[in-house]
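Two complexes come next, and they have one chain in common, chain A, joined by chain B in the first and chain C in the second.
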Partner chain A sequence: MWQWTFKNMFSTPLGLASSIAAAGCAFSLVMFFEAVFAGEAEQIVAYVEHADADIWVMQRGVSNMHMSTSYLSDWKATQIADVPGVASAEPILYLNSVVEAGGKQWFSYVVGLDVPGATAGPWAMVAGKVEPGIGEAVVPDVLARMSDVGLGDKIRITDQNFEIVGLSDGTFSIANPVFFITKTDLEDIMTSLDITSFVLVKAEPGVNPTDLVDRIESNVEKVHALPAKQFVINDRQMALQMGAETIALMTVIGGALAVLLVAFTIYSQITRQRRELAIAKALGVTNRTLYLTVAVQACVITLASVVFATGFTLIAIPLTNAFLPQVTLLLMPISVVRIGLVGVLVAVAASIIPARQIARVDPLSAFQA
Partner chain B sequence: MFRLIYRQLLYEPMRMGLTVIAIAAVVAVILILEGFNEGIIEQLRYAVTDRDADLIVTQAGVSNMIATRSSLRQFSRRDVEAIEGVAVAHPLTGIPVIYEQGGLRTPIFLWIFDERGGPREFVAGNNIQNPRDIVIDHSLAKKYALQVGDPLVVSDFEFRVSGIANAAAAFFTSFAFASYDDLIDFYFESDIAGDISTLPLVSFLLVKLEPGVDRSVVAEGIEAGVNDADVFFPEVLAEQDAELGRTFFGPIMQLLISVGYLIGVLVTAIIMFAAVNVRRHEFGVLKALGFSHLFLSASVVVEALVYALAAIPIGIALASLVSQLIEVLMPLYLILPTEAGPVLRTATACIVFAVVGALVPIRLIRRVDPSVVFRS
Partner chain C sequence: MTDKNVLNASHLVKAFGGGRTQVRAVDDVSLEIGRGELVLIMGPSGSGKTTLLSMIGGLLRPTSGQVVLDGTEITALNESSLPGIRARSIGFVFQAFNLLEALTVEENILFPSRLLPGGIGEATGRAEYLIDQLGLSERRRSRPATLSGGEKQRVAIARALINEPPLILADEPTGNLDSVNGQAVMMILHDVVRDEGRSVILVTHDPRAEDVADRILWLEDGRLRDRKNEQHVWVRDPVCGMRVDEWTAEITTQLDGQRYVFCSQRCLERFQASPEGYLGNTEVQP
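Moving on, here comes the complex of A and B:
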């Protein structure tokens, strides 16, 4: 029976390949969605992950950077620097804003650096200066290429123009390209003086960051301190949580489409094999065995579709990144596992209609002309 | 030819039904993706136009309302109200904050308003009446199972939910609405700055005009008379936010919609392949009877077109149904699957991929040997 099942399945290789490809594309749609969110989540944390800090200090009640607002009085940065065990405390001002570059508008992170600084600026450069001066900006290299601007050109933040003096690497994502200007310039844009958003703390050698967090919170009033690792985790979780609903939605839609496609393929095969199935029934093969063969076919097609989708997505990601550099895609193994599990459900659901069809096959029809 | 196709379609109604549903499902998926894209843009527009202003004043150089920070000088309101034709200028402040409960963090956009600019529609409860009242969007209430009367802590400051608003979200972010008195308390309680005037107090001014005055004339008057400020018609500002949304989400959505179209071609191809494969014997008979290869190929293409034409309205209906379901379950999203542009685009694409998909099995017909009919 099994031999017959597989023989039939592979009797029309082109049809089988088309079915696998179509259901695979449905799964690819889900994988692309997940890859977009995973890629963006990684890029969203790129700045906090690369900033050379052991501890991040912020306004009480705030626990991450992405899409949050944190204000601390400037003097608190001085207080933090005086806490025993703190090697350095570098304040930054941070703003989510729209930046205009080369006639295009970009939703951006603007980081105001306390210059000269050591921990909060760009971590890799393609060209130009690492630290901006007054009226100057360091912009992501990818964004500069997409906006057709370069060193010496101007960008605009609200009503102020800044000269591009540096092109940074790894600082671009569609959700938050990171621009660096001086804290003084950003204070001017925000019409906010003597405030800071976050303080990046370096611990003295041998000082445990967790102990230092407690010490900062007890010595400086109404601040929240977090070890850098935890701060990164919080930001990543936030970004992923924002996409979780959308991913769930696309998984359901893509999964439903895959159910239909796999069911259709098996249904077509069974329609074609109705006479052979009747013969099998007449020879004593039970409905249970036949259901099982349908379920196995569904599983094989579905799992092959998941493999196809994974391969397709893995090939498509670098191509997409090359043609659409503003979209960061990242396929996580957990996504493949999750879609594999969804695939099993798809296979079971897709078996139902063909199984009903088998149940209706009359063994007597094998003897009819 | 049409009689042949008609008979063929009616011969196996279950198969025809499944085929149409499969193509309709692809149409629905594409329309949902398109509708998702349209909904994001439309939410951005509503976020501005729902603020109910004749003109909107922003910080100089700021030409968006959502996803940006605007901070006007303290005396801007007085200066704007001094312009001839301005009846009143209502302040509005926007602050992005993170709401956290049970380890789940959600960004919310907090609008601070006095009389204008607040929530438009309520699902439950009332507008702000008492100190520390806050109105939250339906999506946030649903996500955290919040009800009217529940506390809502933001940055260590405790509000009380007085109302739940409908359709108050944009940019994947729920809105919340609070009063200026509470903003001041929020700043003081957080001990965030010695001089509160350095913090954002007024982001925008929602200008209402005196009856009968020309908006353009008043706008010019504000531009000329108020320093450090820009003035916009709400629909212009809304369109600029929509454009920002297109830059932000456009490449991603286009990528996903392209995958949707690819599925469409493949689905039609497998359907038509299966349909032709199953009927190879019949095609052999027809060839033996003298029907040309061209005729049979054309009949397959027409059959695919019939499937596509039947699937389009079903796909639109399915997309509408699923979209409504999604909006009920996830009120953060607005999905507009029946906008004229996307429907027309998708319908055209469906017809195109029906034809392209039908070309795949034509090879099979070419290879059918008429003598096959005499073998069985």
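Moving on, here comes the complex of A and C:
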């Protein structure tokens, strides 16, 4: 039975390959879209992930950085630094703002660094200084190239101009490129003095960050402290959550497209082999067995499509990253698993119509000459 | 039902439609087939032969009546049980051969054995035997598309025999074959009965089948009658002069109150074009 099923399936290899490729393209579309969101989410959390801190301290009620606002008085940074077990406490000021560079506008993270001696600045440089001075900015290298600006050129943050003194690496994302200026300049832009958004805490050697979190929260009033790992997780979740509905919609569209393609393939195969199905029924093959063969065919085509999509996406992602540096694509294993699960649903859904078609095949038609 | 019978069909009726337009394709047919018996069912087109065969084969539910096959009343079984009965107890041979195109000769022959619980294990040896017996050794790896009509029908017969069913139902098995291959198929079916003790119901128009039949039944207008002891009424086709059995002839016409029978539609058309040239050419020596 299975021999017959598979030989029939492969009797038109070109048609089968086309169907697998077509359904695979539908899955690829979804995977690619997820890769865009995952890549973007990774870039959004790149700063908090690379910041050299064991603990992040922020305003009470805040638990991540992306799209959030946190204000603490500067003296709280001093209080935090005095908590036993804290090796260092570095304040940063943070603002979501539009930055104009080379005539283009970018919605950005602007991080105000406590200079000199800041460690919360860019973690990798392409050119220039890592630490900006007053009236200076370190900008993402990718953004600088896209905006056609370089070292010595000016950018504008709200109403103030800054000279580019450094080009950082890994700090660009479409949603949030990260600019670094001094905390003093950012306070000036925000017309607020002696404020801090986050305090990046390093624990003394041998001190457990979780214990230190509790100690900070009990020693300093109205602050929320989180271990860096948890802070990164929260930020990533926030970033992904923004694209979750779009991804779900794309998954439904891609899945529906795949259902149509797989179902059509099997449907046309059954239509072509209607007489043989009648013969098989006359010889004693049960409807249940034929349904099973349809389901298996749908599963094989869908599985092959998912494999095709995964392979295609794995090849397309590095190519895209190479030619479009502003786009960061990341294929997460969970995306492949999710598409695989969608594939199971696709296979089941794609079997329903052909199964009904099989039920209507009359074994008596085998007697027709 | 006695042990000597493989099939006992009683008072089978198959009606299509209802009310005034109702057609009784099979009308109160009763039939017993003994073990090791080759029974020929003949009759004009549309007489209900295939309908009867379908009911016996569990492919069509009778409107009323009973079919007992090898001790099992198949008309009392539910739909889901019938495929198993067909796979185990009936071998089908069709006019159009009905081989599965994607499979080789050997795979086609083994196909029904995969439908039984034991799978193809024991059937492999039997397939070897049948392939050898039916002269298909050289063609075992061939696809149906590359076979001649005679070879295809031999494969179909081997497929029908693979599960060793007690009953073979053959519907016009020589209908698509030339005379040599038709004769060969007829002899194979005859051997199936003689050597393997299986029963065969053969539906055909082919008069050569009469030579191998134990019993000949005539089905007309849905009703069956025994024709074993009736003599042939041989007459000549007035156009080509071929000998035709007036009993079974289907191509006929009436002219001046006399009935003329023909071997083919072409002869009938030529006759109808100018009957005067052919009148009087129907006498046959006994």
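General remarks:
What we mean here is this: the second predicted complex is superposed on the first by the 367 of 369 C-alpha atoms of A that agree within 3 Å, B and C clash if a C-alpha of one lies under 4 Å from a C-alpha of the other, contacts with A are read in each partner's own complex, and residues count from 1 in each chain.
Assume contacts are C-beta pairs under 8 Å (C-beta built on N, C-alpha and C of every residue); 3 or more make two chains touch, one makes a residue touch a chain.
Here the structure is a predicted model, which is why all the values come from computation and not from measurement.
Partners chain B and chain C, brought together by superposition on chain A, fit side by side with no clash.
In the superposition on chain A, A:Gln3 makes contact with chain C only, while chain B stays out of contact range.
When the shared chain is aligned, no partner comes close enough to touch A:Gln43: not chain B, not chain C.
Touch criterion met: A:Leu95 reaches chain B, while chain C stays clear of it. Number of chain A residues touched is higher for B, counting chain B against chain C.
In the superposed pair of complexes, A:Thr251 makes contact with neither chain B nor chain C.
When the two structures are aligned on the shared chain, A:Thr328 is found in touch with neither chain B nor chain C. By the touch criterion defined above, A:Gln79 reaches neither chain B nor chain C.
By the touch criterion defined above, A:Asn176 lies against neither chain B nor chain C after alignment on the C-alpha atoms of chain A. Between chain B and chain C, the smallest C-alpha to C-alpha distance in the superposed model amounts to 10 Å. Those residues of chain A whose C-beta lies close enough to touch chain B in the complex are 12, 14-15, 18-19, 21-22, 25-26, 28-29, 32-33, 36, 59-64, 66-69, 71-73, 75, 95-98, 104-107, 156-160, 174-175, 190-195, 221-222, 234, 237-238, 241-242, 245-246, 249, 253-254, 256-257, 260-261, 263-265, 267-268, 271-272, 320, 324, 326-327, 353.
Put simply, chain B touches chain A in their complex at residues 12, 15, 18-19, 21-22, 25-26, 29, 32, 59-64, 67-71, 73, 95-98, 100, 104-107, 153-157, 172-173, 190-195, 198-200, 228, 240, 243-244, 247-248, 251-252, 255-256, 259-260, 262-263, 266-267, 269-271, 273-274, 277-278, 322, 326, 330, 332-333, 360. Interface of chain C with chain A (complex): residues 50, 53-54, 57, 59-60, 80, 83-88, 92, 94-96, 98, 100-103, 107, 111-112, 114-115, 159, 171-172, 175-176. Of all the residues in chain A, the ones that touch chain C in their complex are 1, 3-4, 7-8, 11, 275-276, 279-286, 288, 363-364, 366-369.
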